[in-house]
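Pasting a structure below so you can have a look.
When the chains are written out, they are named A, B, C, D, E, F, G and H in that same order, and each has its own residue count from 1.
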């Protein structure tokens, strides 16, 4: 079976650091950036373990703020 | 493979619907309102009915939903969204009309309007966000607040003798002849989001088919009002809200779902 | 006659309102007349907040002011808005964190307090506002420190009383790190 | 010439609404105006013109249905009587705030509270000063005949759409319940094609989405909106004052009266002149905007004004504000549901003279 | 001396209500007054005094709960802000019609419609002219400090019971949200034994059954009831006018301002005097009854009045009615939720001078 | 035996309760309001609670019920009787409090107040006269008007597409946790009157026992509004109203009655 | 079994002639007086067949206007 | 100039309002100005009803009057109330049925019409009010009989048009049986 590789693009200014994507990612890909905030004063997520992302879209689907865009390829 | 090789238009699998405006949502981090907004707008995009849709915002945290949803919308007075929607739909039967309401709005001050729009079977869609509290005004008790639950007007927990019982308005409207589809969903996990999306899609489909009223409750967190982080709020919701407000369809195709 | 008119402004969540509350309580402990007038908005996050505090030994007339003796500002928006509202000869205190456009006026006294940085350093973000308040108190001696602590006690709910010491310590830090800032006239 | 009928004032409103091409009526029964909805129901407007008729669950629902329909650019109306109108206050303030055109009919009865179902003019303040919250104004029309009940439906919608403002017809049980001859114009077609920038017609790709709201969380923005509203009200005051003068040319004294009282006072003028008083009558047709300027002019040449209203004295304040101390101003009126007769008004006038 | 606290105006009302021995509070949340119910809830008044606290399903329900409680002679109150108060209009008219004592608090916000949650004084007309239907009046108190927010609860109930009339505290977001020192009196016991002939206490064999109503189907009876009401209002106007004069003795010009505007104007008086204007301030404490007589007296010796309100000009009409053309009258005010500063008022005054 | 020998105090078997005043009722000939009034007042007499009872009249034909019922009473605004009763009862928990409401009052304009008083379980008694029409204002459609039924606002018969469906508010409130006893009765035959009386008695008994809210619907004729004679109206009621509004207990001792 | 004899006293001024008592009397005792009205303009009932009355109270129980008082004796 | 101001008063259900309606319609058929102003009340039965009808060839001012040219009264209460409201020289018509206190005025013209009795006699209670109307028309000739019949047609719903003949006949009866009544001055 072909492995899926995914990538998540974070719209940093929309992110509010709520962590819902983080806990809903089955691959543990995402994390909040520590000690840094966007111009609204919120921490935001980034792909901490980018290699593990399968592009399943769970993170984007559960994000209330429409922060995440997901791409996927068969490897 | 590097990320930049993946991030190409042809590999896109998920992006924010174009039926949302670019404005940053005014909701607290992790609030379910945002997800619910997105699902409604995705549905409208997928059905290709943006130009035929008129939305009714209500008074609550989502009072500004008209700023985020890229369809023509009006802001109803607190509790009166279904009356406003009735006025719109009766005069514009060819349009898709939906309301987006909180539990205070729909099940407290708006009870009469809710019950009667449902009873008349107005051919509209109601999106009902039940977060068990009045978010916008600072976390006061809602009609849906659970017994024992703390809020700024029940700081020691809701007691039925003093402040009455939580109301299952969704089960109630399912009893009425005018409702055709009544369901309770949540948007706190990807699986639930996908289910909720299907329900909303069905609700708009029914409107196209002139089947009468569709009522989609979404049990949601108000982490601010509950004074929790979004993640613990969702957990608390699963443990406390869902037992009292069980997820699932309540009335489908005009028939109550047997339990 | 003692009459001090203060504006404190920043993001919601930075403790702006409670800083004002402590000042007001402290003034009350000292038998001053006080008024505390907040901006208020819907509960939704992310907005700005400010509070006007007046301490006086006379009956206070308007709780709404146009000009202030002291402005304490904690973000750029507030600096932009309130710098010009300090009375000539008055005081402006600000935290440089996140500030890209610094004050320009030369007819007022300007002070900086790196409270955010300091709070991060001592790993207690909660006392951020107390550090700022310390800076203010350093520059003003009309409030006795014991009244400030009494004010703290009054304004904090009982369940937070264990934090009073940490808060009092933070006040001292603020007093230590506040420093004058001189506008370079170009 | 149109069709001549003998009708109650209430029925005339209903028939005129169908003929004016009104899109929707939403109402809830209450005496003395239930005939409006009943007449509509019997005429099956959904068949005659496609007009929507819905009996709402309450007055609150009805005014908010009007709000919804009006948001989409439709001509929508409601009617009620005093207690029901009070319930609409929030909705009316919203309509005014969102600048939505619509027509609201109040067939006033005696108050306060449940009061009585007999005629009254004691809702003047509520109609013209704003019974709802905030700085807003309605355009208020005061028909004095069954013919005007009919005519003011069309006029009301014209003004409502011209200024994007709710219009109220302030009538009472006398005009609502009495029958007179009334002439109707031709059936107007309901508008089918219309699209002004404020109307919710569905967001097409060529334009941004539209929002109808009365909210602005930013006070400064809200003040700007209020300034715009005030500017609009000023235009209305400058352009839309309507009144009728009866025997004012040579008058020493002038009664100011509207609606049913104006009808009664017409007879009083006759009686007064028979007994030698040079009495005139100024009948405001628009209560807002009020004919203040005209009253102020007249105040330079007459000796006094008597405001005659079936209330304890409400419009009299607007008369006083217009007269501004130049001559004396009085009030006469029965109230709580009692209708004064022309003779009683004459006595009232004579008493005013002697004061 | 009582207890000294630092409190928000809203909280002061709540604490004062418990201490005044109020029997019941019924309300519905709305900014900027939700702290009233929240403070009560946190104080558990059912334990402190046995006071009833109930969050109603709506403002309409709340005012009608007040009506029920008041029917039985209980001290009942409610509070809300502008849109919520509009919804209470029918209920208020019923309370006035049935002559039931109660206290209604309006912490006004900017309108019309949903408006904004910022402070405003644009509900003056609604409060003093009767936003509900029919000829009725509320006694309207306008606190200008947190202390008065507290004090007027007791005063309000005293007046309400003295005249069997609803009393309104007309405040706004400034006074409601600001904290000041406030001194409370001792806890008053809730009345347990009381039985006046209008109170529903249960029909005992020794007396006829009692009825609380605002209805009389007989117009003549209803008119009589209205005449009684008007006579009562006259007594109120004669006996209950309250106001404060600041620097009026030697004033050339006088500002008239209430509530938060009066506080702001106090500073304007100082600023004005510093720049050489002999400016005074008359602060109506009761808006109904309005200090018309005093204003009329002052109009004989000053050159003009400026009504300062956070509205497009409502109280100014009552000032004009009182002045009746003797000297010039103007209005200054920001609105829609914007609060004027003392300096802005001074500019407004100077512009008024130049006109 | 002659009549005069029978008509002696010792032979008295039925007379009008003393808890009704002497005033002649303002109702039309044959209107069920009168009988319902009598049953409530008989109950109060038999329980000996005249001095402990406070009634709430509503707006409808029974607006003057306070003139006929010899207890202390207040007249509520249209639809708000249960809110008024809540205010009374909360402040006077030792008193017996009842409302007397028509279907327009209780199930149209008063829907929110009805639902929420029932949901809170206010310890009061609601007497609900369902005559399928607005009697007082001249026979307009009520929320309870049957489909096809003529009224002055549905002169060609109620059509659900235009004017919505008749509502069974009684079944609805039975769903709420706060209602303890919910029943539907009629007063058009002696047998039904006797049953209705028992139900009303039970409703007041429950109040004494602080059981929560008791809700007694009485299906009644409005012969004027229906434009029939009283006798044919009652017949029409049996044939048309009862099939849709079946008589009997709906909820007893807090439990829904199984059908 | 002892036969019951009853008597009904009509409060003529309260009666509205609605006939509900008439149709609900199992013994056919009552009838409306023809061509006569009370001061409110209503016809009213009387015991047309007094001998047949058993004093069952049905008429009184069903009368909306509390017009009827019933007496009964064992014969 | 023609100007006739009429009050018709009796029990609700006696057909007072429709009598007025027929007059108004008839006037309209004859190109007169007309107004018809009823008393109105809740639907509950048993009350009294009255209607003021004005027929004129000039624009009608007040539809509310204090004095009338003609009063037609059908019960004692109405007689008590309206006898004194007839203009001196005016006309009072009444049905004697149920009247215990007869009119007293000598400055007006008084007529009796035994309409109730007559309606009972011809066994058609429904035409009672037409008999009364006939009496009125006998005394006034400004309305042409064909306009009255047209008025009848206009004011009766279609489903009652078969009764028009009976109604017209009743008018004639009224014309026949109306008779003057003279107050005996004691």
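By definition in this document, a residue touches a chain if its C-beta (ideal position, glycine included) is under 8 Å from a C-beta of that chain, and two chains touch if they have at least 3 such contacts.
All values derive from a computational prediction rather than experimental measurement.
Peer 1: Along the shortest chain of touching chains, how many steps lie between chain E and chain F?
Peer 2: Each step joins two touching chains, and the minimum needed here is 1.
Peer 1: Hopping along touching chains only, can you work out the least number of steps from chain D to chain F?
Peer 2: The distance in steps between these two chains is 1.
Peer 1: On a C-alpha centroid basis, what's the spacing between chain C and chain H, in Å?
Peer 2: Between these chains, centre-to-centre, one finds 86 Å.
Peer 1: Could you grab the centroid distance between chain E and chain H? Build each centroid from C-alpha atoms only and quote it in angstrom.
Peer 2: Averaging C-alpha atoms per chain gives centres 54 Å apart.
Peer 1: If you average the Cα atoms of chain E and of chain G to get two centres, how far apart are those centres in Å?
Peer 2: Roughly 59 Å separates the two chain centres.
Peer 1: Quick check: how many Å separate the C-alpha centres of chain D and chain E?
Peer 2: Chain centroid spacing, chain D to chain E, equals 29 Å.
Peer 1: Scan chain E for residues touching two or more other chains and write them down.
Peer 2: 31, 54, 57-58, 60, 83, 90, 94, 98, 113-114, 117, 213-215, 217, 339 - these are the residues of chain E that touch more than one other chain.
Peer 1: Could you tell me which residues belong to chain C and also touch two or more other chains?
Peer 2: 41-42, 46
Peer 1: Two or more other chains touching the same residue: where does that happen in chain F?
Peer 2: 27-29, 63, 75, 77, 108-109, 111-112, 115-116, 136-138, 143, 163, in rising order.
Peer 1: Enumerate the contact residues on chain F facing chain B in the complex.
Peer 2: The contact residues of chain F facing chain B are 108-112, 115-116, 119-121, 143, 160, 163-165, 167, 171-172, 175-178.
Peer 1: With touch defined as at the start, can you tell me which chain F residues reach chain G in the complex?
Peer 2: 1, 3, 5-8, 11-17, 20, 24-25, 27-35, 38, 187-190, 193-194, 229-231, 234
Peer 1: Residues of chain E touching chain C in their complex?
Peer 2: It is residues 4, 6, 31-32, 117, 173-174, 177-181, 260, 263-268, 270, 339-344 of chain E that touch chain C.
Peer 1: Which chain D residues qualify as touching chain F in the complex?
Peer 2: 28-31, 34, 37-38, 41-42, 44, 46, 53-55, 57-59, 83, 113-114
Peer 1: Quick check: in the complex, which residue numbers of chain G touch chain F?
Peer 2: Where chain G meets chain F, its residues are 5-7, 9, 13-14, 16-20, 23-24, 40, 42, 47, 50, 55-58, 60-66, 68-73, 75.
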